[in-house]
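Across the two complexes that follow, chain A remains constant while its partner is chain B and subsequently chain C.
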Partner chain A sequence: MRLRTKNRNILIGMSIVMCLVFIAVFAPLVAPHDPTEADLGARLEPPSKEYPFGTDHLGRCILSRVIYGTRVSLLVGVTVISASLLIGLVLGTASGYFGGLVDEVIMRLVDGFLAIPSMFLALALAGALGPGLTNMMIALIAVEWTSYARVVRGSILSIKDQEFVVASRGLGAGDVYILTRHILPNIISPVIVIATMGVGYAILAAAGLSFLGFGVQPPTPEWGSMLDSGRLFLRKAPHIMVFPGLAIMITVLAFNFLGDGLRDEMDPRFRKEIPH
Partner chain B sequence: MLEYIARRTLLIIPALLFVSIISFSMVYLAPGDPAEILLTSPEGTPSPAAVEAFRVRMGLDQPIYVQYLRWLNNILHGDFGYSYMSERPVFDAIFKSFKATLKLSIVSMFISVIVSIPLGILAAIKHNSATDDLCRLGALVGVSIPNFWQAFLLILLFSIYLDWLPVAGYGDGGDLRHMILPAITLGTSSAAVTTRLMRSSMLEALSQDYIITARAKGLSEKVVVGKHALKNALIPVVTMLGLNLGFLLNGAVVTEWIFGWPGIGGLVVDSIYQRDYTMIQGSILFIAVIFVTLNLIVDISYTYLDPRIRYEAKD
Partner chain C sequence: MLEVHRINKRFSSGGIFKKNYITAVDDVSFSINRGETLGLVGESGCGKTTVGKLVLRLIEPTSGKIIFDGVDVTKLRKKELRKLRPRMQMIFQDPDSSLDPRMKIGDSIAEPFRLRGGLSRRVVGERVSDLVETVGLSPEHVNRYPYQMSGGQNQRVVLARALAANPDFVVADEPTSGLDVSVQAQLLNLMNGVKSDLALTIMFITHDLEVVRYMSDRVAVMYGGKILEVGDTEYLFDHAEHPYTRELLAQQSAEDYYVPEDDVNNGDGGCVFCSRCPFAEEVCKNKEPVMVNIGRDHQVLCHRV
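So, the complex of A and B:
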């Protein structure tokens, strides 16, 4: 996909995401301090020249912790969505393309997962598996894959009997060839849009789970757990709560901008020329 | 139509059966023996005899499938068992907290509706203007803001700096003063979603032929928008409000916990902290039943309200 767009939302979203990736990769160079180094003489200090975002209850630099926190959040967002996308693509394709019993079984499984509100399911799974980054990601993947399976299945159903597919089969093409050459390229647009927004949602949910203590454990800098530790000092040092929350919001907003823009761009009703 | 409703209703059964298996097996996903973990206190590990006695008392000595079938059978007879922690009936606790959640949800929904419907209409009428941009940006921010962070910002402003409202708690049976902040927190994301939907639905309605006819007849813009377009644009929005309860339930998990609101979200979080398995199993199943029923009502009312679906729905 070539990125020659004038869509404002894509440009805003893309620039913020690029900045975040840059910050995550070069965190040791960007951060002014070691994110886990405690300066017990400077606890709960408001923002200053030395500590631009202030310090937390252990005297750690909040700016540095927010910067390192970018790594965990992007990692979780991208990993959870890639895995969910892969599972959703495989099961959704099997379901939509082959139909019959396969379809019935997979769709009943999807119904079962969707019957529990996502946050309750993620929380119960994360709670049962125990705290930790990997378990949290497993819990989030269990919640996320269903929407991709549904979208993929729906898109495949809508095109698998169209003339170009039937013609290709008539010319002797096999299932694998039809799926990879004809069907996937035609259904990928809506999937990309929901996956982009999904990264933002996964980051939000992960921060929520970590906030409740089921995700990343201290002292690893993570935005959700930073908010959790700031909770007790709300009166004395409100700055602890402000910056990690702002970081979550900006990150999620960036992915939403990007997804929103991509949807407008890919929607045939708004598109003027056919892309190659 | 009837066939569709029947099929849609019957499909609930396998889904809920699946949920029952998932919620029941939560106990066994956790590493370690549940009886031993539950009895382990700060004073040290329990004696093997105490663990064995607890197992027998709670039925944990039976094979897993026997435990599951017995649990399911009891639940179908309305018996959700007893809490591992308080030893009180699980269903009473769930039902009581669900009432608190419902109360909070209704107020949140009200806040969400009075904000989102006018904003959505405004954005659609002033399509592609600065007002429209502002509404769309607001809606994007609304879905991106973490509700646990928003909760603290609200507490900071209204409870700590201005000292107008209580920080947390249920107050006198959940009075309005205690409800305002959690309700705003919960209502925000649902308002954001509804604003977007109202906007696109209104834009769609305004582009229809009957609107051109209405304008050509010389009707005032007020009547065109307020009567002809709004009536049609509201159909998807009204049915969507049912689905919004799903949003509210998800948000309730963290929001209720922060504000100390004794609802089902806070109940689940606390039960997980305490490893109160009977309570976790019961609440997850209860929530799923509510959620699935709600989705069913939304689906059916949608097909009923929109004749285009009513006549085409065969699947």
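So, the complex of A and C:
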């Protein structure tokens, strides 16, 4: 993709995401303290020089915990969306391209998943599987893949009977060739856009599950569970909740900016390419 | 070259419980000799495009036989069919949707070579530039995208891609109907030139009688999924026998002649044209007419002849 862009959303979103990736990768170097080390002499301290974001009820450095939390959040966001995307692409393609009974079965399955509110389904699954990072990701993938399958199927349906696809078949092209050379390149941009926004959503949902105790378990630093532990001290030490909250907000916002920007960037070209 | 024997196509719509059928092509038979151009004329919705796609088996016929160069195309397996495909090409009505919007012009033209395989990148490049020249485009167009080209240019690209497959038989489905008149004429001249250079056999589908007269050796007139009259072009234009053909010729174009679906008599028995025919008699409503040979390769589907 072209790197030079004037789109402000992409620039803002991209720079924040880059920063977050940098912070996550170099967390041990960036963080001033060990995120799990408790300084019992400095509990619930407000932001200071020593602890820029303050400390929590065990005297742990909030800044360091927020920094290390970036790792978990990005990992969850990217893993959940990649896996959902993969499942969605495979099932959506099977459904949209080949149609018939396969389509019917897959779409009824999707309907089944969509009939249950997504947060409720994630909660139920996470509860049934038991707490933990992997189980939380499985629960999130289970609620996320349906939208990708639908989008992929819909895009393929709108494109597979277009004349350039028929023409390619008329030249003797097989299904694999048509799918990889013609169909995939033409449907991938809307999928990339929703996947980018999906990362933000997955991070938010993961924080929600962790907040409720279904996700990452303490003492691993995670934004959602940090919010939960700060809940009891909201009056006395609001900084415990404010900073992880801000981190979630900025991250989700960054991915939304990026997704919005990508959509705008891809739209005009798309319109130009398929006129009328 | 091509022999079509009583093909039918019914499209079904509706869900699992209730199915509706539309007969798009009804018992159509015709043949095209090697090196000949057959014009297929008819108004929108008469099934002419469907016939074109059926002949190339881009859609499956409900019944009937299609013999291409001695091979029954309807009986081929998927793999054998894929091998045969390059020999029969189709040019579609809308050049803009016939090309992959995300593929460069050069890549589109090179597609048949890539599918055939076994050619080096350099040879493919040479062949593509030869073809680009053949269809009257300039070399710099190769690196453009379809949206950067005009409709006429894109239709030339589509023609070049079809020629790259080295076909014997081409179905051209209204290749010029979306273009300006002057561009139309250029493209038709180009097609005629290419046709005689490469000894192509062409089925030319159109609603434009002028175009058909210019392009084809023989003409088949379609209405309501049936061929009503077939004959030598020049002869037919002067000696049309079927009331529908005469009406068309009087109108000069089938385009401004569209009738709603309900006017076509698709029920059991009777002539498809009887509800619109000024000469319809009792027999036309009750008995289906059969194709009659009235000499000089001229056949008519009408009770009155």
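The rule is short, and it goes like this: the second predicted complex is superposed on the first by the 267 of 276 C-alpha atoms of A that agree within 3 Å, B and C clash if a C-alpha of one lies under 4 Å from a C-alpha of the other, contacts with A are read in each partner's own complex, and residues count from 1 in each chain.
Here is the rule we use: a residue touches a chain if its C-beta (ideal position, glycine included) is under 8 Å from a C-beta of that chain, and two chains touch if they have at least 3 such contacts.
Here the structure is a predicted model, which is why all the values come from computation and not from measurement.
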Which superposed partner A:V166 touches (first chain B, second chain C, both, neither): second
First, second, both or neither for A:I116, with chain B first and chain C second: first
First (chain B), second (chain C), both or neither touched by A:L29: neither
Contacts of A:L253 with chain B and chain C, given as first, second, both or neither: first
First, second, both or neither for A:P185, with chain B first and chain C second: second
First (chain B), second (chain C), both or neither touched by A:L101: neither
Contacts of A:G174 with chain B and chain C, given as first, second, both or neither: second
Touching partner for A:L40 - first (chain B), second (chain C), both, neither: neither
Comparison of chain B and chain C by chain A residues contacted: B
Residues on chain A lying within both footprints (that of chain B and that of chain C): none
Residue ranges of chain C touching chain A (in the complex, touch as defined): 53, 56, 58, 82-86, 88-90, 92, 94, 96-103, 111-112, 115-116, 145-147, 158, 161, 165
In the complex with chain A, residue positions of chain B that touch it: 11, 14-19, 22-23, 26-27, 29-31, 140-141, 143-149, 152-153, 155-156, 160, 246, 249-251, 253-254, 257, 265, 268-269, 272-273, 280, 283-284, 287-288, 291-292
In the complex with chain B, residue positions of chain A that touch it: 108-109, 111-121, 123-125, 127-130, 200, 204, 207-208, 211-214, 224, 227, 231, 234-235, 238, 241, 244-245, 248-249, 252-253, 256-257, 260
Residue ranges of chain A touching chain C (in the complex, touch as defined): 162-164, 166-174, 177, 181-182, 185-186, 272-276
